[in-house]
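These are the structures in question, set out in turn.
Here come two complexes built around subunit A, the first alongside subunit B, the second alongside subunit C.
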Partner chain A sequence: MVDGFIANSLAEALEIRATQDVVPYAGGTDLMVVNRPGLTYLFIGKVPELKRVFVDEQYVHIGAAVTFTEAIHNPDVPTLMKEAISRIAAPAIRNAGTFGGNLGNGSAKADSVLIEFATDAKLRLVSAKGERIIDVDKFYLGRKKLDLAKDELIAEILLPSKGIENYAYTKVGGRNALAISRVSFAGVFASEEGKITNIAAAFGAVADTVLRYKDIEEMLLGKTIAEARELRQDYLQAYSERMVLTRGRVSAEYRKGVCMNLLGDFLTKFGI
Partner chain B sequence: MADIHFTLNGQEVAYEGSAADRLLDVLRDTYRCTSVKCGCKEGECGACSVIIDGILHNSCCVAMGAVNNCSIVTMEGYRETDRFKVLSKAFGELSAVQCGFCIPGMVLAAEALLSQNPKPTEEEIREELSGNLCRCTGYNAIVNAVKNAAKEGDGLW
Partner chain C sequence: MEKISQSVIKKDHDPKISGRSIYVCDYPSEGVLCGKILHAKVAKAKVLGVKVPELPEGYFYVDARDIPGDNNVNIVLDDMPIYCRETVEYIGEAIAMICGPDEKVVDKLLATCQVEYEELEPVIDLRKATEAFFNYDFAHGDLEKAFAEADKIYDEEFTTGYQEQAYLETQSMMAEPEESGRMFVHGSMQCAYYVKGAVMRALGCGPSGVHIYQDVTGGGFGGKEAFPSILACQVAVAARKCGKTVRCVFDRREDMEYTSKRHPSICRYKVAVKDGLVTAMDIDVIYNAGAYSTLSAVVLQRGLIAGPGIYKVPNLHVHGRALKTNTSPCGAYRGFGAPQTYFAVEMVMDHIARDLGIDSLEFKQANFAKQGDVTSTSGRYHFPIPIPDMIEEIDQLCHYRQKRLEYSKPQTGRYRRGIGMSMYFHGAGFTGSGERDIIKAVAKLRKYADGTVEVLASNGEIGQGVRTTFPKIVAHELNLPLEKVYYNHPDTARVPDSGPTVASRSLMIVGELLRRAAIKLRTQWIDGEEQEVEEHFREPTFMIPFYIDKFQGDAYPTYAWAVNVLELEVDTYTGITKVLGAYGNFDVGTPIDYNIVMGQMEGGFLQGIGYASIENMDYDAKGRIRNNSFSDYLIPTTKDVPNLQCILHVDKYPEGPYGAKGAGEVPLVGGPPAYLDAMEQALGGVNLYHAPFSIEDTMKVIMKEGI
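And then the complex of A and B:
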């Protein structure tokens, strides 16, 4: 092999990352579409520390090099995440594509990333010097711009292990298989003693990053379903005013219309 | 850095080129496995499907550095197996092949499915083949061929 590095452990990968100008390669399904000449890859797809899925008190930990197929078959991965990733591309791509790659590619169309936004997931980033845990929305600085230092790797995704059982998820693509999201939506709902405690709504594929407006969500937090129903129109109006979408494969108007419909369906599903 | 070692259709090989080279190109150009077709080079058609360590992959989306110590099967190797004979017969009997371009990938996708799930439902067959595009047959004949192969080859998978 004339170039490239194959890491067998996380320590080895971080050492190479710290000293060489390399592009981390996990599943390769996004990188190889372009395969920009002159890149030196750091192959991390088989690093054991990045392949683990486990649950602790607070989080479901999903290693960055876990493939979508592996996650679909893992009983610890939450249903909402499984529903989204089982619609990514087709089996051969899901056999290779990873959670870390979906994040690292930086696209707002990444189907697993939408779920991470909707569930307030955190990411564990590691380097030879240490590690840091950040909220997924802080990781995205803009279109294809990530808060990831040159010596860092994405190590794992931390999804909340509770409170994401009630959700709405829709992917709108041009066809069933091998479809890049044109618009995607994930909403998570939770209530306690009749009051809404969570009403997260995230929109994918319609702007430079996944969109989520926590201040608008606050309008309905602490409200009963009946109170929320009274506020439905104001809430939808607030989203409609805030969402300034870009044109992509489809027009901005179409995207906006679909986003508002899916948001409305989400409210309706939970009686609002 | 050392060569990339892997097994290709049962034979050990050492690749001396770049770790960033595309598996699809290397299989075709270096090892003359021309059953592996290049349809799109972006993971959207499945014509370049190969089986790596028992799992279906699009070889266009794999860099050589990722296959170190792996075992790769293409149609050149698979055609020597009894399982292939059953699939070949089923595809032939149902005219599931027209131009043939997608067929090596389609057959390997069927193998990947049957090796995990020897008695798939029609829905499972359609799902597992959903990444393999065919512009001739309209898919029904292919799906039926896989269904028949599963029946005929009972015990082989």
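And then the complex of A and C:
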């Protein structure tokens, strides 16, 4: 049987995290795949502070222990996020799986994490000593490597509350349900007074972490649609050169081809 | 609907749906030793020795030296050892078993066993394999003349991959030495008497030295036809040595990597066409048998007999071989060798039609065999061939012709559509005179004093419903409520050998024996008395005797027929292919239970679609299967084919109970050719040659063709 702790409040959870060697979990859907003997677990799935969703001036706050099903039914969660998480696994997994777990598992295939990369989301990490806010791309140090101290917990995901209404999203899985992403793409577009203010493109499941190239995005920032259209070929070329993809359940060539198709489609969708 | 077809609640519904059914792994562990197999890690090697760690008290190491009888598993050729001989021939071959009370300790002991190998050169690539376990050749007509006179000759090669049965319950078996000295083996299986024959040989005992019981079985699909015989011998030998009950339950990885799957194939078709008609086919078939021959002989036979499909081919030559490679032995899987050749023949017919500029359905229709025509084995189609009617029915259901025409027009944009059709038969029952000469089925009914009737037969419930349909037939003839007639899982100590649960035969053959037995019992019925009646198989009198050495005669008494249609939409940006509709029309004769038959049709059809598309499994250059889990070997879910519609066309078979024919396998067979036909259309009329056809394959064509 599993040895572990159940925390009823965030303070309690952080106290245990600070003093014990524990693996925190909420839904447990990733842990169930392999039961590693000898580990001690900390159940945080019922911690009220981690179960909240609310909106403030800047952000939509999604608690780390909010399940995907809860988020799908919450009017405050942005449509782009809903679209991605509604493609996760199947209802039983979505009923249990959480945002914190999707991040904490450290996989570049995590469907909610792709959206966090594409929207420049931040994470609030907490410990008994205090808290820090970190950009999601800084949180991922490499394959299965996270910037998360032994005494810290992921408390919240902070998604921008505005500017992510216009997007493109595609998941390529091995089948229509219960399928891990083989390639996933999310693009977010925004413009003000005819000029592009955001053209984020994130690629999931094609490398050790979600990929995003902000320097290439800069090529089109501040440009009008007409100007961007002129730059389309250069922009795509830059991506094509930069993206060195790994092979997984599908080949690197397939991944590359699909990524470029979806990127091109994203531009076309917004007139570029 | 006839009364017999009206659906009832399955007899095993409640225990299964409520979780009360006891599977092998559910028996309590007290007094039971956990047995785990030491599998070979290389594809071919001499085993020089095994360094076994010191075994704690109560733990045992079991290998070939412990076999009291013969180290050959009784299947067809009996070349498969129970535990390896001097060499191992594939990755996963059983070298030994470690048994003991604590699973974790067994695991640890297993991990510390050191096998010393002298590696030998394995044969991995099927195209380089030369050793044929089986080599068959048959012909009729004048091939040379037909090719010489042909307007056009087509020469194409088709390949298909593995398919894993992916039953819910992995291979699981227990052996319990009884006080009398008799060995009791029970577990997950399709064929209790096959297991019995194998265990008798392994233990070197007579029929009274062993009895076999089929536990509740979590699916088989053919995968539990032969492999349970192997595992049963392994646990029986272990139980004999340990003097205790031994249970071996495979984990999913072991099951996927090391147990039998559908044979990968290479089929070459040379076809002569004159005046729009096929005049000759020269067919060369290779099946990858794996390291031991197991069931490959019979799988290959069925594949070859289906070689020319449902077409009239006046001049025919079929050559087929099952070749040895140093990989897991392949075996039975629903369809049993036929899906591979049907894929090839349906595709080549599509390609010829495309080349001739004729619609493929029209071309096929012009070449259909008809009642009275000669079969591939110079037998006769004794009964009407319902395919033309079935095509009209399915056209009405899904507007095939209209869509086919619409999608043949040039398409633009991200999404492209195609619709494809396949048509085929599946021979019902054992190939050739197997029922008469080998199986010789016997079935019994036992009536108790209280008026209840028990069916005594050896056919295992594996989800196909025999625990319900057998009693239904008997209750119908005896005019009893269904509750009064029951059929338990078979125990060879109490049931006669009514044959294995294979070849879509149970209902058609054994069901008919039971119907006759019930009539007999009805005429002899005496209230309050215990009575027993017995029936034996009789070959239908119309059969042209079959000679397997010549492949001549009636290979099957009758056929189940099918027409499949698949409608697809391809996303040209990703290769993702959406199944817009899957439509199946199946003639399995009279359904003995409508819901059970529809469950079979829908489930089998979905497996066929998986085989065509996402079910991809292969081994690497070392002969190792790497996608050995359900996250790497995907099978379709209901979300992949939400619009799946099946209809039944009923052409009764006079020798089957109430006109029933074989139903188990036919729904799987036609998925790949219908899928690929639709894919070819969606991709603008390219010719495709292999299944499964993955999203990557689709993207390759899209990139190459600039779609």
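Everything below uses one rule, namely that the second predicted complex is superposed on the first by the 270 of 272 C-alpha atoms of A that agree within 3 Å, B and C clash if a C-alpha of one lies under 4 Å from a C-alpha of the other, contacts with A are read in each partner's own complex, and residues count from 1 in each chain.
One rule holds in what follows: a contact is a pair of C-beta atoms (placed from the backbone, for glycine too) under 8 Å apart; a residue touches a chain by one contact, two chains touch by 3 or more.
Predicted model only: the values in this text are computed from it and were never measured.
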item	value
Touched subunit A residues, subunit B compared with subunit C	B
First (subunit B), second (subunit C), both or neither touched by A:4	first
Touched partner set for A:226, first subunit B, second subunit C, both or neither	neither
First (subunit B), second (subunit C), both or neither touched by A:176	both
First (subunit B), second (subunit C), both or neither touched by A:249	second
Partner chain(s) touched by A:261 [first = subunit B, second = subunit C, both, neither]	second
Shared subunit A surface residues [contacts with subunit B and with subunit C]	90, 176-178
Footprint of subunit B on subunit A - complex, ascending	1-6, 25, 27-29, 31-33, 35, 39-41, 43, 45, 69, 89-93, 95-96, 176-178
Residues of subunit B touching subunit A in the complex	1-4, 15-20, 22, 41-44, 46, 49, 55-58, 60-66, 68, 109, 112, 127-128, 130-133
Contacting residues of subunit A [partner subunit C, same complex]	90, 170, 172, 174-180, 182-183, 249-251, 254, 257-258, 261-262, 265
Touch list for subunit C against partner subunit A, complex	414, 572-576, 614, 631-632, 634, 636-640, 695-696, 699, 703
